[in-house]
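In what comes next, subunit A is part of two complexes: it sits with subunit B in the first one and with subunit C in the second one.
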Partner chain A sequence: MSTDITKGTPSTSYNGGWRTSSAWLHTWSGLTLGWILYFVFVTGTVGYFDTEIDRWMQPELPRSQTGTSTDEAANAILNFAQANAPGADQWLMSLPASRNQPFGSLYWRGASIESGAVSASGNTLIDLNNITALNARETGGGQLLYQMHWRFPYMTRNYSDWIISIATFFMFVAIISGIITHKRIFKDFFTFRPGKGQRSWLDAHNVLSVVALPFHLMITYSGLLFMGFSFMPLVFAAYYGNDNGARGQFYSEVFDPPGMVAAAGVAAPLTDLDAVIEEAESVWGENRIATIDIRNPGDSQARIFISENFDQTVAAGAGRLVFDGTSGELLHNAPSASSPAKAVRDVSLGLHEGLFATTLLRWLYFFAGVVGTAMVGTGLVMWTVKRRQQASSEIDKKHRGIRLVEKLNVGTVAGLFVALAAYFWANRLLPASMPGRADWEVHTMFLTWALMLMLSAVIPARLGWPLQFRLGGFAFVLLPVVNMATTERGLIHSLATGDWVFAGFDLTALLCGALLFWIAQRATQVMNKHQKQRAPQTGSTSPIPSEHPVEGARQ
Partner chain B sequence: MNLSAPRLIALVAAALIGGYFTAISSGIFAGSLFGLIWGTPRSEAALTGHLLSFISYAFIVIWVFHDRRPLFVWSILSVITLLMTTIGMWLGGMLA
Partner chain C sequence: MNSQLLTLAYSLLLAAVFAAICMQSLRFQRQQQQNWLPVKVLKLSAWPLLLCLAIIAIGKMGWGFGLVTLFAATSLAAVTVVATFTYKPGKLPLLYSLSLPTGSIFLALGLL
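And now, the complex of A and B:
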């Protein structure tokens, strides 16, 4: 397998095989940005339940209003827009069409405050029953948690894009080189040798990698495509030139709906929305409309762009219809996949986001994400296990590097769960009227993570692993208790009333907590077993390398 | 697997920076080629090249660390990048 790059023993000379070189590359591309990948996997996995988490984090909101008919919802939001955002350049109305959009909402910009708009631009959820804005505690919610996995907080978009792109690319290289390394990938899959030190870690890492290999490949490649326009802009520059205008030209050729026009400045009443909805439904079928985007409402050049709900297709792009906003005439019908390459891109992105997934499939996505997280986690731990064994026979020279990786591993692989739980705790415990409370939820999460890294720096890893997993376990198990103490929608209430979003969150938190306790227990056992093996220091050295993943040679 | 520090740096640079530009050039080349064969507009060619460039990038990196001769990989990557960019952009100019 891989050896150290700068210092190899004479017996580990490079023999030129693809598997050997791939193993080396696999190790280093996986480790270098492994902690970033771990963070991306954890927040991305949680993100498959972004909308559900949103709702748990705003317990003041009513139950989902997805049952509302398209006509009723559209007219309610339109009434709200006319009353609260007159004279706007754009009203983007989202209908509560599926799990992804539990409430109606309105985004507007360019509204006229003289004509009575509440603000020039805004974005608000709307209660369809009485046409008022829905107000709840300020929070980033599940959306922000999910967003963290493609855009880091505390960083400009530019830096974050580059870091995530490179980390994702390293992951892609790690997966492909990992496949090349394991010639007998399926035989390895059926080989699991528990309780055998490094072998067991390797087997576990193999099983976790192979069992969800299609998912890992798909999620990484499509992740690259998400970042692609900022990561590899030069491919487009070759065709369009490199200035901003040229780039805009490309985007509009590929993505813009046809028939965008500027406002004429001549007032004209908006057409009857019901007729437009009826025509759209004659094309797509009933209740298939997700958003109604009205540009220049009240102008003679008004346009209505209607997007199809894409919960019934894997592809991320939606079909669009364009109507004249004054006559109600259908001007364009733009299907989602306008070209084969765009179809490949849309399907890749759609598979990544999984917005189409219904309950069962959504859970499968979640578990695949958990497996991916565990794959990255075991990979990181394995690096230290291997090196501890090699190092134990040598002098204490390389140990600084190993110890650093170990500390980062404990504080991230285990500590990140404590930080994640802290984000939810902060949502319940920070006062509802606190200024900047949404920011403070995030600060709480990252301060907790920093605390866990500091804890890991001062406590030996032997104790740190079980301790931090146990802390995570407590933090998650107690979440339903905190919820019950601070809201009316505790677990007992939600189970009794069939409130599955709340019950689901609380039960999942309990399950996560239990899992973390179990991992802590296993970690303790492994550490103790190693302590016993070491204690006698008998001359008979076992052919099986020591099991201690952390402190093999520190004495 | 003895790699001296300068050699390692030369290889990492070849893989990440050299490979990056070779990957882009392969995208331009393949996009234009497919574009001409299937008669697609340039937006489609650009998107096709974009989809393929990440795959070439990964395999270039794997190859660089397999070969491990900095001078050789740098020369090969430079020549290929120059060729594919030139031909790719020339072919791309014929697209609609």
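And now, the complex of A and C:
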């Protein structure tokens, strides 16, 4: 945060000095892509509960089947594959091994329709109790919401990668320059002075930045590593060249399991899966298998690739065992950390995604994400607060920049919550059989966001802030009601049956709605107070009406 | 070892640590007319406890899990203490005296 400590006000003009230049850098690196960062933080934070949101968004699915033993689950999925996808080139069987994978599923490709396959390729969840496909409404679910924070919809992967990478880099610069600028980082650790206008926003931004600083640093740096191959293509281009196939060759060498072979075209029965599982469990322990990938099943060159469940390690990389698919012989034991560089990458990604986190730790990840979101939000708001104060002495200027930033702030900082709620509403209200349903959930979200931005453009910010927070509050508070009205898994039912995924989602929505109402209420109080203070001042020198809650809060 | 209990224990114990550190601060001392505990006692209880918690976290849970748990709980504890200090500074001693024993019990149960 850019701070002139002696005066207690942010100083952002570049006029020399290490801290001053850091403050300038902090301000502009934070603001330039701040709205993108805010979106990334909101969707990323929600993404810590991606699997739970997936389940809430598909209420037709039964409860998690994670208690099923590996043998039982693998054989059930194999039976399903043999019956529904015969002659396939690949059966990728995911076992219900942990919270990250609550149901068994099968992905297949190259199946033979003539031999009775339901389709040449497909991906379906499987009910392990009666070995049938689990049918549920089409939805992007929590996965898509999570995916949005590193891959924007409505644009090509290439553009999205660059925008996200640059935004992440700016965030990293903002954090480092913020640390340099904030020299009383420890002395002011517990300092938050409410009701003091700009000073309060600065305190809030500082506190939110410092209390979760390790998280902010970790999430940003690991995010950069996440995007490393897009952001720093020369790293592998130096060794693999820059032609079209270079990237594919690089990925194949680093990430593909060893021992991949082409089919021989000679029929041979698949080995007994139980024996293979037993050997894998002797290496990793019981119920530690996440996926079984069978290539060329029914061919003499069949291979079985077994991946380890990595929910008990921070590193997001799975160890793999490769078996001969006809003899059952163990051909390769490939640890996840095939090189020190890959190990560093796996740990970074693991820390970023938090797939290893237990329920309570996951909530702490979520909390840190909320703190990060608030940090970005307060930073964006503070930019306008400071400039509004400066604007009061520059009556000859129109201050279009401040107005633009303020409108974008209202439409994004407050409006994004309405859009997020709209995504969930769409899930419940769009017809279950609607074609392109998952796409329309996303369209609903972005159309709502666009609407909120338009709303913020046409009404003054002093009305826009409370209005949009209130709209968000209504949208979230009513979400459990909509859920209860459109499904049989309403909050009361969920609480009565101990269905904590559904109950947790509904209760979190209620809490989120209540919080947004509280923020709206606070904003209204501050506006009213400010209006009363302004009423006697007929000769105000400010060229733009003070619309921001912050200025009104000054006492 | 129960990682859920340990996470809970760390959240509570770190709240106690931050409450103690906060109560040593000049701002708290100025606000409160009488010292609930001498600054020396607070210092002696806060920093060694923080060090012990870090050592236990890394020793029992490993560098990865241990540090993640420690830092994650730190954020929650710090926000709790900042909020208490801002709005109800008089309740900081209560927060300290409740979270320290409760957290210790959870820590012991979690390590068993």
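Keep this in mind: the second predicted complex is superposed on the first by the 514 of 555 C-alpha atoms of A that agree within 3 Å, B and C clash if a C-alpha of one lies under 4 Å from a C-alpha of the other, contacts with A are read in each partner's own complex, and residues count from 1 in each chain.
Criterion: contacts are C-beta pairs under 8 Å (C-beta built on N, C-alpha and C of every residue); 3 or more make two chains touch, one makes a residue touch a chain.
The structure displayed is predicted, hence computed values, not measured ones.
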Q: State whether A:V211 touches subunit B only (first), subunit C only (second), both chains, or neither.
A: second
**Q.** Touched partner set for A:G436, first subunit B, second subunit C, both or neither
**A.** neither
Q. Who does A:P62 touch here: subunit B (first), subunit C (second), both, or neither?
A. neither
Q) According to the contact criterion defined above, which of subunit B and subunit C contacts more residues of subunit A? A) B
Q.
Taking the superposition on A as described, I'd like to know which of subunit B and subunit C A:P269 touches: first, second, both or neither.
A. neither
Q. Touching A:G116, do we find subunit B (first), subunit C (second), both, or neither?
A. neither
Q: Using the touch definition from the top, say if A:S339 reaches subunit B (first), subunit C (second), both or neither.
A: first
Q.
Per the definitions at the top, what is the overlap between the subunit A residues touching subunit B and those touching subunit C?
A. none
**Q.** Partner subunit B, residues of subunit A touching it in the complex
**A.** 2-6, 8, 12-14, 18, 20-22, 24-25, 29, 169, 172-173, 176-177, 180, 221, 224-225, 228-229, 232, 234-236, 238-240, 250, 253-254, 339-342, 344-345
Q.
Quick check: in the complex, which residue numbers of subunit A touch subunit C?
A. 189-194, 207, 210-212, 214-215, 218, 313-315, 347, 350-351, 354, 356-361, 364-365, 367-368, 371
Q: Write out the stretch or stretches of subunit B touching subunit A in their complex.
A: 1-5, 8, 21, 23-24, 27-28, 31, 40-51, 53-55, 57-59, 61-62, 65-66, 68, 85, 88-89, 92, 95
Q | Residues on subunit C engaged by subunit A in the complex (per definition of touch) | A | 3-4, 7-8, 11, 18, 21-22, 25, 27, 64-65, 68-69, 71-76, 78-79, 81-82, 85-87
